[in-house]
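There are structures below to look over.
Each of the next two complexes has chain A plus one more chain, namely chain B in the first and chain C in the second.
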Partner chain A sequence: MLAFKLAFKNLLGAGLRTWLNVSVLSFSFVVIVLYNGMLDGWNRQGRSDTIAWETGSGQYWHPLYDRYDPFSLQDAHVPVTGEAAELVSSHQLTPMLITQASAYPQGRMLNILLKGVDPSQKILMIPSGSLQVKNGEISAIIGKRMAESSHLKKGDRVLVRWRDVNGTFDAREILIAAVFNSNVPTVDANQIYIPLSSLQEMTGMLGDATLLVAADTHSGSAIKGWAYKDTKTLLKEFDEMINAKKGGSRIVYLMLLSLALLAIFDTQVLSIFRRQKEIGTYIALGMTRMQVVRLFTVEGSAHSLLALILGSLYGIPVMLFLQQKGIPMPKSADQAGVAIAEKIIPFYSLGMIVSTVLLVVISATIVSYFPTRRISKMKPADALKGKIQ
Partner chain B sequence: MKKFSLIFLTIFLITSGFAQDAKTILDKVDRNMSSRNRIVESTMTINGKRSSRTIASKTWSEGTEKSFSEYLSPATEKGTKMLKLEGQLWIYSPATDRIIQISGHLLRQSVMGSDLSYEDMMNDRKLTDLYTAILIREEKLGDRNTFLLQLTAKVDDVAYYSQKIWVDNERFIPLQQELYAKSGQLLKRTELKDVKQIQGRWFPTVVIYKDMLRQGNGTEFRMTGILFDQKIPDYIFSKAALKQ
Partner chain C sequence: MQKPEIIKIENLSKKYHMGEGDFTALRNINLTFGKGEFTGLVGPSGSGKTTLLNIIGSLDNPSEGDAIVLGNAVSRLTHKQSATLRNFHIGFIFQTYNLLPVYTVFDNVEFALLLQKRTVSERYKTVMEALEWVGLTDKAKSKPAQLSGGECQRVSIARAMVKRPEIVLADEPSANLDASNSHHIIQTMKKLNRELNTTFIFATHDEKVMQYLDRIIHLKDGMVEKDEFIQDPKIVSHVSI
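So, the complex of A and B:
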């Protein structure tokens, strides 16, 4: 306790030097929490958006389906029968048929994926309710990215060419019934959604589906003839991307933290050099060398405690403000092909805050301790005289 | 009743005669257009909305399954090679010194910005193997008399469900071809011009392809030299030849 009292007294007595160190350290602390909060917020938002728009609570894939290989679509379709059909009728699964096609907006050719979805499905957020067939005309929906790249808007008609199950070309005009706005580029870019039954008829793949999307009420049990992919598998790439981002950001904030810790280290070295008489006096008054080492270590690490207090004073209002208003993302951010909202709402988890506090305190304690090891080698008499050792 | 039977018989004989004629015409077209192998030197002029560019190439082909092309000019395309081998397509690009297989979405991309897709290049089967032909009428196309044939797919795995084909009634060479989707939508139009007699057979030396769904003025394929039934070494149709 004495060590703490003395440490804080000495620290506060040092005036501006202490506050400079504390300010730099507090800035690092706030930046680390803020950046990690932003990444955690993005992660939560991206995951929930991807689940809501694309993956559902799991998917059953045709064994030949590979989402990164459009070539696999040619053979990756099978009629939905038996247990799968029962689960579809009880609204636990919704089927989706996917095929390659070309769209010709304004005479330009765009390679697209034509996706057939059940207009009555409620598992995905895709506004499939707009999908209708009126007077033989097929309605389609597209996302805002597709709308931008193809210059299509609601009410436009576009010619689409595809190949049927035998590889024969077919083409017809479809009506863009709605343009939806999603944060998930992978459900949007170069994709056109039409009613499932229309696509099945157009391609001659009657009753077929490429994949089945599961509702959150579905248990995820195995279905014969389908390969189950859980959310963890479906979001693997997204999680890897967030982890890679975290890895990259660690380098930045460790550099920032190193600057603050270097300042503390310098302060400690200077203290021990300039306060030799004081060290000698402590020992002369009966303190052991280890007690003096502890005193100086506590003094150094106390910087981190003051930094936490100072950081909280200005950091908490900033963090709360950003949590309320969100961090706006540039328009080009989602061109990377990952789910990202227009605004990221940071998420500050207790675990993240505690681990950041521990990182700052422990690293400050370590850099404070190293210079003090010199004290254990000092001769008290020389120290009292202020002789440089 | 007797009169009705006579009319019915006459119609039957006329239509079956037409169908027979159409088949014979198509057979003759196939015979003229196909060869054991051929070596073609050609230029491909791609007429875009704003500008045109010409690409020269040399192609060795054997039957319908094997083909090897080397691009000779312009400098940006020189050295690019393409190998089609039993339903698969590879491209070698000298800039990257890599061979890539064209599959999936890439097959639908146009060949060097032309109106031809890689997929179109892959379809080389005989018309008689794929279509049932009906002679619609005789028609004048330019200064040539032609038979207009309506072709309808008789096999499932055909790219274009139906075609209209105008065949020169003396030389049995197609002069124009229209390719239709199942829905009846016109997808592509091909005009074949400058028919010349080469090694005893009539052959069109200029082909203009037009993707009817895309803007642009089509792609002109002009054969500057053609040799039929030559001796082509086997190594030409191998992946190793791409890097040579």
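So, the complex of A and C:
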């Protein structure tokens, strides 16, 4: 306690030098927490959006299905029967049939995926309720990215061409019944959703599905003939992307932190050089050398505690403001291919804040300690004279 | 009347390594100091005054022989034991005052008591009493930079005396002061020496200091040249500060 009391007194007495170091360190604090909060917020938002729009709470894939290989779609379909059919009828699973196709908006050709979904499904947020067949005309829904790239809008009709189960080409016109807005580009880009039964009929794959999307009430138990993919597997790429982002951000904030720590280290070295007489006086007054080492170490590391207080003073209002208003993302971020909202709401977890505080305090203590080891080698009589050692 | 012995210097020598050779600062010193003495170590620069004070104060170790201070052989003390000896039993007064610049006068004087882990109320009472001895109660909240040289040295005396040590070691306490302040400082110390029976040992070559000493040890080239007890030193009856 004595070391803390004296350290804070010395630190505050040092004036501008202290506040310069504390300001730089507090800036590091705030930037680290803000940046991590933004990435964590993006992560949370992206994960929940992807689950809501695309993956559900897990999926059962046809064993041949590979989401990155369009050629696998040709054979990756099977009738939904038995246990799977029971789970579909109890609304724990919803089937989806996927096939490759071409669309011809305004005479141009676009390679697309035709996805057949059950219009009554409630598992995914896709507004499948708009999918109806009226007077023999198939209605379809597309996302805003698809609408932008294809220049299609609600009410337009577009020709689509596909191959049926036997490989025969067929084509017909479909009606764009709705354009939905999703933060998840992978449910949107180059994709057209039509009623499942229509796609099954068009392709001759009656009763077939490529995959089954699970509701959050589903336990994820194994179903014969289907390969279960849990959320962790389905979000693997997204998690890897966030981790890569975090890795990159770590370099930036470690550089920032290093600058602040270098300033503390420099201050410590200078302090010990300039304050030799003071060190000698402490020893003459009855402190042991180790007590003086502790005092100077605490003094250096106390920069981080003051930085925490200063950082809180201006950082907390900024963080709360951003949490309330969100961080607007540029429009081009939409094209990045990953789930990203128009505004990211930062998320500041207790764990992240505590680990940031510990990182800064421990680093500051370590860089404060190293220069003070010189004190333990000082001869008090020489220190009192202020002799350079 | 013989004063009880509190410091005994036995065959003490101190050598410093200087380049390839050794510099001998003290040679075979044998001295004893009694309780309540007001003694000066006198001699030219380099005669070993400060070195001897540092060894008595356990800030330095002898190369040969030993200094027995309040029953403790300085050369055998650990860092912790040395610190305890200084904290409880020895006060220091320096030529350049060595006050802690960011602390107030009160904080500076209080410092030794903080190390002794005394209670807040006890510290306050004792510090104010010490400031009263040196006439600086009205400057308790001032910082050293706001004080004159004489006032700084009085703070330094209060800091040395606040813990009521048996021994006070003063290294050229009047060297940075004008004549008037020098007299005041020495008179203050002399008064405290009389009232509290504290042993004062000075390193000095200031004539003004010498006239108050009741013992003068002359050092030359690290050796005791003369050890004289003064029959009729200047006596202080009243100190006006």
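As a convention for this text, the second predicted complex is superposed on the first by the 389 of 389 C-alpha atoms of A that agree within 3 Å, B and C clash if a C-alpha of one lies under 4 Å from a C-alpha of the other, contacts with A are read in each partner's own complex, and residues count from 1 in each chain.
One rule holds for everything that comes next: a residue touches a chain if its C-beta (ideal position, glycine included) is under 8 Å from a C-beta of that chain, and two chains touch if they have at least 3 such contacts.
A quick note: this is a predicted structure, and the numbers were derived from the prediction, not measured.
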Superposed partners chain B and chain C on chain A - clash or fit: fit
First (chain B), second (chain C), both or neither touched by A:R67: neither
Spatial angle chain C-chain A-chain B, Cα centroids [nearest 10 degrees]: 150
Partner chain(s) touched by A:R108 [first = chain B, second = chain C, both, neither]: first
Contacts of A:N10 with chain B and chain C, given as first, second, both or neither: second
Which superposed partner A:K379 touches (first chain B, second chain C, both, neither): second
Touched partner set for A:L2, first chain B, second chain C, both or neither: second
First (chain B), second (chain C), both or neither touched by A:L285: second
Which superposed partner A:K277 touches (first chain B, second chain C, both, neither): second
Closest approach of chain C to chain B (Cα atoms, Å): 71
Contacts on chain A seen with chain B and repeated with chain C across the two complexes: none
In the complex with chain B, residue positions of chain A that touch it: 69-71, 100, 102, 104, 106-109, 111, 159, 161, 163-164, 166-172
Partner chain A, residues of chain B touching it in the complex: 103-105, 108-110, 153, 156-161, 179, 181-183, 185, 187, 211, 213-216
Partner chain C, residues of chain A touching it in the complex: 2, 5-6, 9-10, 12-14, 277-278, 280-281, 283-291, 379-381, 384
Touching residues (chain side chain C, partner chain A) in the complex: 50-51, 54, 57, 59-60, 79-80, 83-84, 86-88, 92, 94, 96, 98, 100-103, 107, 111-112, 114-116, 159
